[in-house]
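What follows is subunit A paired twice: with subunit B in the first complex and subunit C in the second.
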Partner chain A sequence: MPGPVMPGPVMSEGLHHLVHRRKGFLDRTLGEISHVVDRSFSAELSSANGGFLQEIDARVKMAGAGILIFTAAAAQSHALVIGIWSVAVGLALASRLQWRELTTLWAGVLLFSGFIALPAIFLTPGEPWAHILGLTITHQGWRTATMLLARVLTTSTLGSVLVSTTPWHQLLRAMRAFRLPVVAVVLIGMTYRYIFLFIQTTLDMLEGRQSRLAGALPAAQRRTMAIATVGVLMSKAFELSSDVHLAMQSRGYRGEVHVLDERPLSAKEWAVLLALALLCGVALWR
Partner chain B sequence: MHIPDGYLSPSTCAVAYASAVPFWYVAMGKVKRRLHSRFLPLISVFSAFSFVIMMFNLPLPGGTTGHATGVGLAAVVLGPWAGMLAISVALVIQAVFFGDGGITAIGANCFNIAIVGSLMASFVYRLVAGLSPMGSTRRLLAAGLAGYAGINAAALITAIEFGLQPLLFHDAAGTPLYAPYSLAIAVPAMMIGHLTFAGFAEFLVSAGVVSYLQRTDPGLLAREAPGADIGLATGSLKRLWAGLAILMILTPLGLLAVGSAWGEWAPADFAKPESRREIAAVSQGQAPAIAPAGLERLSSIWTAPIPDYAPPILKNASFGYVLSAMTGTGLIILVSLLLSAFGARPRNARPSNARPSNARPRNARPRNV
Partner chain C sequence: MAVDVFELDNVSFAYRGVTALHRVSLTVPAGRRLALLGANGCGKSTLLRILDGLYFADSGTVRYHGAALTEVEFEHDSFSHAFRKRVGLVFQNPDVQLFCPTVFDEIAFGPLQLGWEKDRIRSTVAEALEYFEIADLRDRAPHRLSGGEKKRVALASVLIMNPEVILLDEPTAALDPRSQGQIVHLMKSWEALGKTLVIATHDLHLLAEIADDCIVLDKGRIAGRGTPAEILADETMLRAANLIR
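What follows is the complex of A and B.
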């Protein structure tokens, strides 16, 4: 089985160079690829930094994040959701995550969810609360829109803090600890590796095509180029799956997957998780 | 369409997980039985491929761009069960590692996009493509429609989930606790975008890539197109023969019907009072006193060898029906075979070294799919 192909500084620089040089379809696609690679790269870097959450077992972090995300999703009061968000921000800062990462995340969330939530302040039926440009804002509309935003902001912050402080292979091991079927965990792990391989392949294909272009292509030809790239990528994917299968078989793989057992959680780690669950349960019940 | 955390209530998320698990279980069993040790490499590589093509910005007519999910393509190439697993894994990675879609909403996203989308796409593909040749335009259209239907079915389910939230989850003052819009707003808001731009992007990617594969690597399409191009698959042919035999045995059921079929009267029927009553009953009370002259004249031009499905050599009407069905079916098959043989005769001789358009390239490697 081929080893992981992780993004590195060289790829990141190349991407930025390409993104600045390209326009249109290539620009946008490379922008998306750049975003994914940068995000993964910065998560790898920050998870390797020393910090509060980086020192904690991945299983405890995953279970803790799960409890807090569930509590935020089930909460019906703004105060509780904002309280959880404050905890998430505190943990992020204690784990030396950069403000820029957090603010970029929040800007994206507010833009996307704000676009969805904004009409709700006018459209939700209820008691009138304020009037703007002839439109009536209702109490119920204001509450539901702000609650939605607070909840999405909190859960996305928690998810980001978890991923940014935990190397991906530890996340996979943590999934296994929560009795996710071993086949599913191995599947996710292999897929994660090949995503970066395909990103590199796509990048090479797009760069190769771009280097042969003398000017801007009409939309129909750009469309044809995009579809042909996807087609070639699919053919390569199937070829690769055959190669990987043969490589796995040559190493003794016969369809059964086995993983090493983890050490059990310590009493202290169990106590922290139980206390968190109890606290969240009480907060929800009140 | 990736639902973030906070838009669906925890109970909706739980129901979505519970709905997705049986499909995952069945899919895992079916695909593992079919692929054995190839299961892990094929599904993981195709999941990675799906993840990457979700990042492609496809130029659409009108100057805008759109993303495709690859759900149609997965269903066309891998089939519904392997396709739903591959897309599910891609969605889980998007949610867990890249924050695209919520962690509590993974079940809902997988159910909507990977499960409903794949099943719908596969159904439409098989329905429209039928047994058409591998390189046909019909198969191309089928792939495009599969992608279009798959993404729109997923969007509709997502919209319904959103629209049910304010109905089911609100506080005492009527404030919606999760997604705030009712079905009347959520369904059109979601579907307008998907019936147009997103659906079109999915159509283009599915049809475009299938067109590309038809020309360059048709072997990839063969797995989900049994019987295409080379005739019916053995299994399908057996089922067809069995169905035909059952239909032939059941033909005497036609004797149970009373009266005569409208418009299929013989000239003699107009002279019989009983038959005239039947004709009048189904013709708004009108029955000509005598048979129309044209009918009288033309009906005698040809006398069928087995009139009324009753061969003169048989006394039993039921046996007569079955024998007529067998004779008719045999004649149809004979004519079809003659026409096929005539149509298959080459008009221009193909050069001996020419490769059929849908054959694998010579230098292509064998594929373990």
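What follows is the complex of A and C.
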């Protein structure tokens, strides 16, 4: 079945330029938000691609990712963690995810985790392994740091593959299947949905403001305008939340949300999950 | 003689001291199409929310088939359930009404809250998707839809419950001509089904097509009433109500 036809990104090209051209804190923040929107859009597109994982039930994917993440976190051997990471990369490629997306993720993960792991190389007591600039690297320190990096790399890859190959609403349904309270799932879904509306509203306000400005404003005036924008958005948010509640009431909502049940997992899907759990259990035990 | 679905007697309502409706009295006969006309901020949306039991009058009485619409009545599950099943409101801003992750979930929301059988919900949602020509949008997120598509999904989410009374707040506002035509076509088709429609609008050019009776509101008060032809002929009143220049 072909994937849904997606309209263009939420923000127009013109607005992108507008956001990037500005220098203020608020504008930079909005620029970053626009990237989040675009990333979410590309995630929706890749989840509609007809790859390997896109054809699998979201609950199976979520449970499978959970089992692999637990195994990577509990593993004591580098080989096992790297093995799981290789599986994750294989699944990503079989699901037609872009290399660039993966490498961008890994660069960020290695950078931030590297800062945390670096001191462990030198500070962990143990058998000396090498000397750099008068500092001693220990075997134990090296092992601890690389294990941390491998685990973070593996778990973030698994998480990214799951999110990139599963439409958002299916992830929500999968959460419900794992007994997350319905209210929590509905709240997450509504939050996600209305964040986009407010981003669009914010960008519209900013564009409206920009179209009436003849030149750069002094910093103090920019700050005043930023505060005013936040105030207007807050007021709009309250009004919208009240109206959404009325719209829910109008369609029979009485304080408890009712949702459609999912079809139960098939025997084959259960078998795949059990086999994966068994395999991971054996790998951990050995 | 047609039975009155709604009877309003001297209804007043204010938002934090600002009057939205002042001593409004009207009746809505069953099977008729009543247009509420007025400029922005004249009280049309407030009146629709009062008719839908979302707001309650500060003074005066609102009756639905003879039963008073009060907060106390809506606390009873049986009354609330029966009323919500029979009266549906389509909000002016579809973003208010479309809060679910997918179009399918959105349309299924009402029937689920009213406790329909799950199989019945699945089949009725499928029929609604076909009827409103939005089957291809089934798994799409509502925030990714165009204005016309959002409006049709919002209508489907209310019409799926097959209400006898449909309250529509600016159903054709901010739509392109094609989408506007589709919505008008749908509204006309409900006439044959015997639905009672209350439509808030300021689109005078659509009046003859979508309404049998009209009420003109000006600053929360009734400024005129009559058939579309009578209302459109009274330019002085329309000008005073800011409906024409």
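The criterion applied here is as follows: the second predicted complex is superposed on the first by the 241 of 286 C-alpha atoms of A that agree within 3 Å, B and C clash if a C-alpha of one lies under 4 Å from a C-alpha of the other, contacts with A are read in each partner's own complex, and residues count from 1 in each chain.
In the analysis below, a residue touches a chain if its C-beta (ideal position, glycine included) is under 8 Å from a C-beta of that chain, and two chains touch if they have at least 3 such contacts.
Because the structure is predicted, anything quoted here is derived from the model rather than measured.
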Winner on subunit A touched-residue count between subunit B and subunit C: chain B
With both complexes superposed on chain A, which partner does A:79 reach: first (subunit B), second (subunit C), both or neither?
neither
(message) Applying the document's definition of touch, where does A:274 land relative to subunit B and subunit C: first, second, both, or neither?
(response) neither
Scan A:213 for contacts with subunit B and subunit C and give back first, second, both or neither. neither
>> Just to be sure I read the superposition right, which of the two partners does A:143 touch: subunit B = first, subunit C = second, or both, or neither?
In response: first
- Task: Would you check which partner chain A:248 touches, where first means subunit B only, second means subunit C only, and both and neither mean what they say?
- Result: both
> Who does A:235 touch here: subunit B (first), subunit C (second), both, or neither?
Replying inline: first
Next on the checklist: A:105 in the overlay: touching subunit B, subunit C, both, or neither? Say first, second, both or neither.
Outcome noted: first
Considering only the touch criterion stated at the top, classify A:130 as touching first (subunit B), second (subunit C), both, or neither. neither
Let me test your reading of the model: by the given contact rule, A:187 touches which partner, first (subunit B), second (subunit C), both or neither?
first
After superposition on chain A, the subunit A residues reached by both subunit B and subunit C are 168, 190, 192-194, 197, 240, 244, 246, 248-249, 253-254, 257
In the complex, the residues of subunit B that touch subunit A are 4-7, 9-10, 13, 28, 32, 36-49, 51-53, 55-61, 63, 65, 73, 77, 85, 89-90, 92-93, 95-99, 102-104, 166, 171, 173-181, 185, 204-205, 208-209, 211-213, 216-217, 220, 365-369
In their shared complex, subunit B is touched by residues of subunit A numbered 24-25, 28-29, 32-33, 36, 39-40, 43, 65-66, 69-70, 72-74, 76, 105, 109, 112-113, 117, 119-120, 123-127, 139-141, 143-145, 147-148, 151-152, 154-156, 159-160, 163, 168, 171, 183-184, 186-188, 190-195, 197-199, 202, 219, 222-224, 226-235, 237-242, 244-246, 248-249, 253-255, 257
Within their complex, subunit C touches subunit A through residues 49, 52, 54, 77, 80-81, 84-85, 88-89, 91, 93, 95-97, 99-102, 105, 108-110, 112-115, 118, 121-122, 136-137, 139-144, 146, 157-158, 161
Touching subunit C in the complex, subunit A uses residues 4-7, 44, 167-169, 172, 189-190, 192-194, 196-197, 240, 243-244, 246-254, 257-261
